[in-house]
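You will see chain A twice below: alongside chain B first, and alongside chain C after that.
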Partner chain A sequence: MSELIAKDREVVVPGQIVAKGMDFLPSQGTYRNKENVIANRLGILSVDGKVLKTMPLAGRYMPKKDDTIIGKVIDILVSGWRFDINSPYSAVLPLKDASFDYIARGADLTKYFGLEDYAIVKITNVTSQNLVDLTVKGQGLRRLRGGRIIKVNCHKVPRIIGKQGSMVSLIKDATNCKIVVGQNGWIWLQGEPEMETLVYKAIKLIERESHTKGLTDRVKELLNNKGGKK
Partner chain B sequence: MTKFKRPSGRKLDEPRKIEAEAGVIKKADGSARFKIGDTEAYAAVYGPRDLHPKFLQNPKTGILRCNYSMMPFSGDGTRVRPGPSRRSKEISMVTEKALTQVLDLKDYPNAVVDVFIELPQTDAGSRCAGICAASIALADAGIKMKDMIPAVSIGKIKDFLVVDLDGDEEHLDDNEAADIPIAMIPSTEEITLLQMDGIISKKDLKDALKLVKPSLIKIAEVQRTALKKKYEVEGEK
Partner chain C sequence: MNQEIKDHIRNSLKKGVRLDGRKLDELRPVELETDVLSTAEGSAKVKFGDAEIFVGVKMALEKPYPDTPDDGVLMVNAELLPMSNPEFESGPPSIDSIEASRVIDRGIRESKSIDTKSLCIEKGEQVWSISVDVAPVNYDGNLIDMGGFGALAAIKTARFPEITEDGVDYHKRTNKKIVVKKLPIPITVCKIGDSLIVDPTEEEESLIDARLTITSLDKDNICALQKGGDYPLSMEDIDAMVDLAMKKASELRKKLEAL
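For the complex of A and B:
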């Protein structure tokens, strides 16, 4: 007789038995040991019919193809730039993906991206050894000028963006700030100084309480109380 | 056989009072505090991150690197000199080996997960406390691991097997005392750390391994509760 021991949306920890019996199937973040399905990382359990998964609550960002992220130039190479992308691995932006202009051999690359510049980039490829390639050719991809960067846990990004971007639109509308959320947990924002502070508070609130219900209402309340546009 | 009374008044198979807490060091990727009696360990996990020096990199998997250290003012002052020592190097190594068994770092080739263990206060059983804290910290950092690793010591004083020796008990019987730190994977009951200081018979060692299991399972439960508590508190806001 199969039995689900942990509840759906419950926080599970490594080694915790989440279900007994052969009717349940282990998936990401769970494994089978004889009759038992056991969690193998800290996360929120998601029960999808027979399939048991855990959604991670912590951990570093792992680069994925087609993710739009924010990176910081940490080195200039012979034919490209090396970016810190808030992950265990750094990424390379090759010359051909850096600009629509023709960049001659031996040109001064700092004209395009200097050290410590931030940019919105897209991941074009990730190899088995986690070598990452980037591009800035694409809609919305560019070098960032001005504004500020805030850093959050990358697993909270979906909640910050919200369903079809609802949460981030809510903040944008209330504060008149430009906001770009990178999948790697780095967020760029630009606006009036007081409004930037308000955005910072709102995003930190979402990060802290991302796994609770009624979050949108609390964010609205914060934005209204602190002088955001109603 | 006459009855043996432990100086602390505990039962033979009773560990000291245990406290555990996850996420105590905010800037770390994962962290924990584990206190058993008067022995207290802090562990912080950084990574997976870039591994240097480069020759240590393994293209097949990420590696675990542990660093155990007693703070200069910990313990009773006899053993401690600031900085690394032969002893701390050995304990770092056995900690690494005890924890690697449950970790899955295949997703992080060439990277390293750094674990720093510091003990502000020690009263025997420090490597076990360190392993317990490190295990919680690794889980808190979101690293894939198939189970928690609880660890505790078991010893023999005056012909009696006792769980979780404290400092006083360690020095009680100079001739025949034995002190055996053990770490175990609870779900499979595989042992990942087994060291011994002293003399013990084969039969006693087997009995000791049996006697220590309930305590290890209890510690694993404390570790899991500590992790869950971190998210409960936030959830209730």
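For the complex of A and C:
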């Protein structure tokens, strides 16, 4: 007989038995030991039919294929750039994915991306050894010029974006700032200085209170009170 | 740091806005807790926003220096621990950590706020030596101000251990406290472009043109100064910086007087 021991949306800790029996399947953040399905992360348990996974509450970003993220150049290689992507693993942007131009052999690569530059990039591949490949060919992908970066817990990114981007559009409309949210928890924004700090406050509010109800209303209230456009 | 982000911070400052939304002369929210470490005779945990440090005071019996046979010994040491910031490396102390130690030490020493004569037990033979350690656990700029503030809180709440025939019994604490006569509070005022700011974050610290640490006592007496940064300061700058530092120091002093 299979039995679910922890409830859906309950906080589980590593080593906790979340279900017994072969009818449940372990997924991300859980594993099977004989009859038992056991959590290996601190997080919220999600039960989707037979599939059990834990959604982590905190921790670093784990690269996933097709994620759009913001990265920072930390090294210039012979044939590409190495990016810091707020993850335990660094990522490589190869020359062929860096520009539509023809880049001649021996060209000065800092013309395209210099050290410490930020860019919106997309992950094209993550190998089993966690080697990460990036591209800047695609809609909206580019080197970032001007503006500023703020860093948040990457597990709160879905709340910052909201359903179909509702939360981030709310902030954009109220402040007239350009905002790009990377899946890795780095956010780029550009606008008037007062408005940028308002965006910063709104995003920090979402990060702090992401688990509570009525968050959208509180964000709206903050934006209205602090001089954002209605 | 990225040059474009540096320019961005400078441009925002020109309009009187800082990245975290503070005013130019506004400190981050200050939190102070004392008696947090059981193994130290006195301790304090200080938070300025996200920046967090611990300060510990240890006391030991030592032979005094020959030129000051009836004075106790005071030592202040600040370290930039690699744990507190990815930029810091282990190894011999960096210039910045030596500067922080010396400036915090200078404020307490030159203000004569600690009565070193009262630390003497037997002239020429035995005095208390007080060592203050400042350890950042989350570095986000402004170590000198936080360290100076925390050091005073830790010294003020420290209690002497009991002296027995075999030496010092650190498990037993007496009710005797160090006599702190004045409260020298360091405030670092930074100049970026034409703006003067206090309590810089790590990002802001990286683009300072000039900075001046002003350690002041109540009734507006200055007891120590330290200038840093590559650019010079005019007389008007210094006047404005001193006024700002005095004002901010009195805000922090209120928290210490409550201890």
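Definition applied: the second predicted complex is superposed on the first by the 191 of 230 C-alpha atoms of A that agree within 3 Å, B and C clash if a C-alpha of one lies under 4 Å from a C-alpha of the other, contacts with A are read in each partner's own complex, and residues count from 1 in each chain.
By definition in this document, a residue touches a chain if its C-beta (ideal position, glycine included) is under 8 Å from a C-beta of that chain, and two chains touch if they have at least 3 such contacts.
No experiment lies behind these values; they were computed from the predicted model shown.
Judged by the touch definition given at the top, the superposed model places A:N130 against chain B, while chain C stays out of reach.
When the two complexes are overlaid on their common chain A, residue A:T30 makes contact with neither chain B nor chain C.
In the overlay built on the shared chain, the residue A:N184 is in contact with neither chain B nor chain C. Which of chain B and chain C touches more residues of chain A is settled by the count: it is B. Contacts of A:G147 after superposition on the shared chain: chain C is touched, whereas chain B is not. Of the two partner chains, chain B is the only one touched by A:L57; chain C is not. Of the two partner chains placed around the shared chain by superposition, neither chain B nor chain C is touched by A:T175. Residue contacts after overlaying the shared chain place A:E196 against chain C, while chain B stays out of touching range. By the touch criterion defined above, A:N86 lies against neither chain B nor chain C after alignment on the C-alpha atoms of chain A. According to the touch criterion, chain A has no shared surface contacted by chain B in one complex and chain C in the other. Listed in rising order, the residues of chain C touching chain A in the complex are 1-5, 7-9, 11-12, 15, 17-21.
Within the complex, the chain A residues that touch chain B are 11, 13-16, 29, 31, 33, 36, 38, 40-43, 56-60, 62, 88-90, 128-130, 155, 208-209, 211-212.
Of all residues in chain A, only 72, 116-118, 145-149, 193-194, 196-198, 200-201 touch chain C in the complex they form.
Within the complex formed with chain A, the residues of chain B that make contact are 29-30, 47-50, 59, 62, 102, 104, 107-111, 139-148, 186-188, 220, 223-224, 227-228, 231-232, 234-235, 237.
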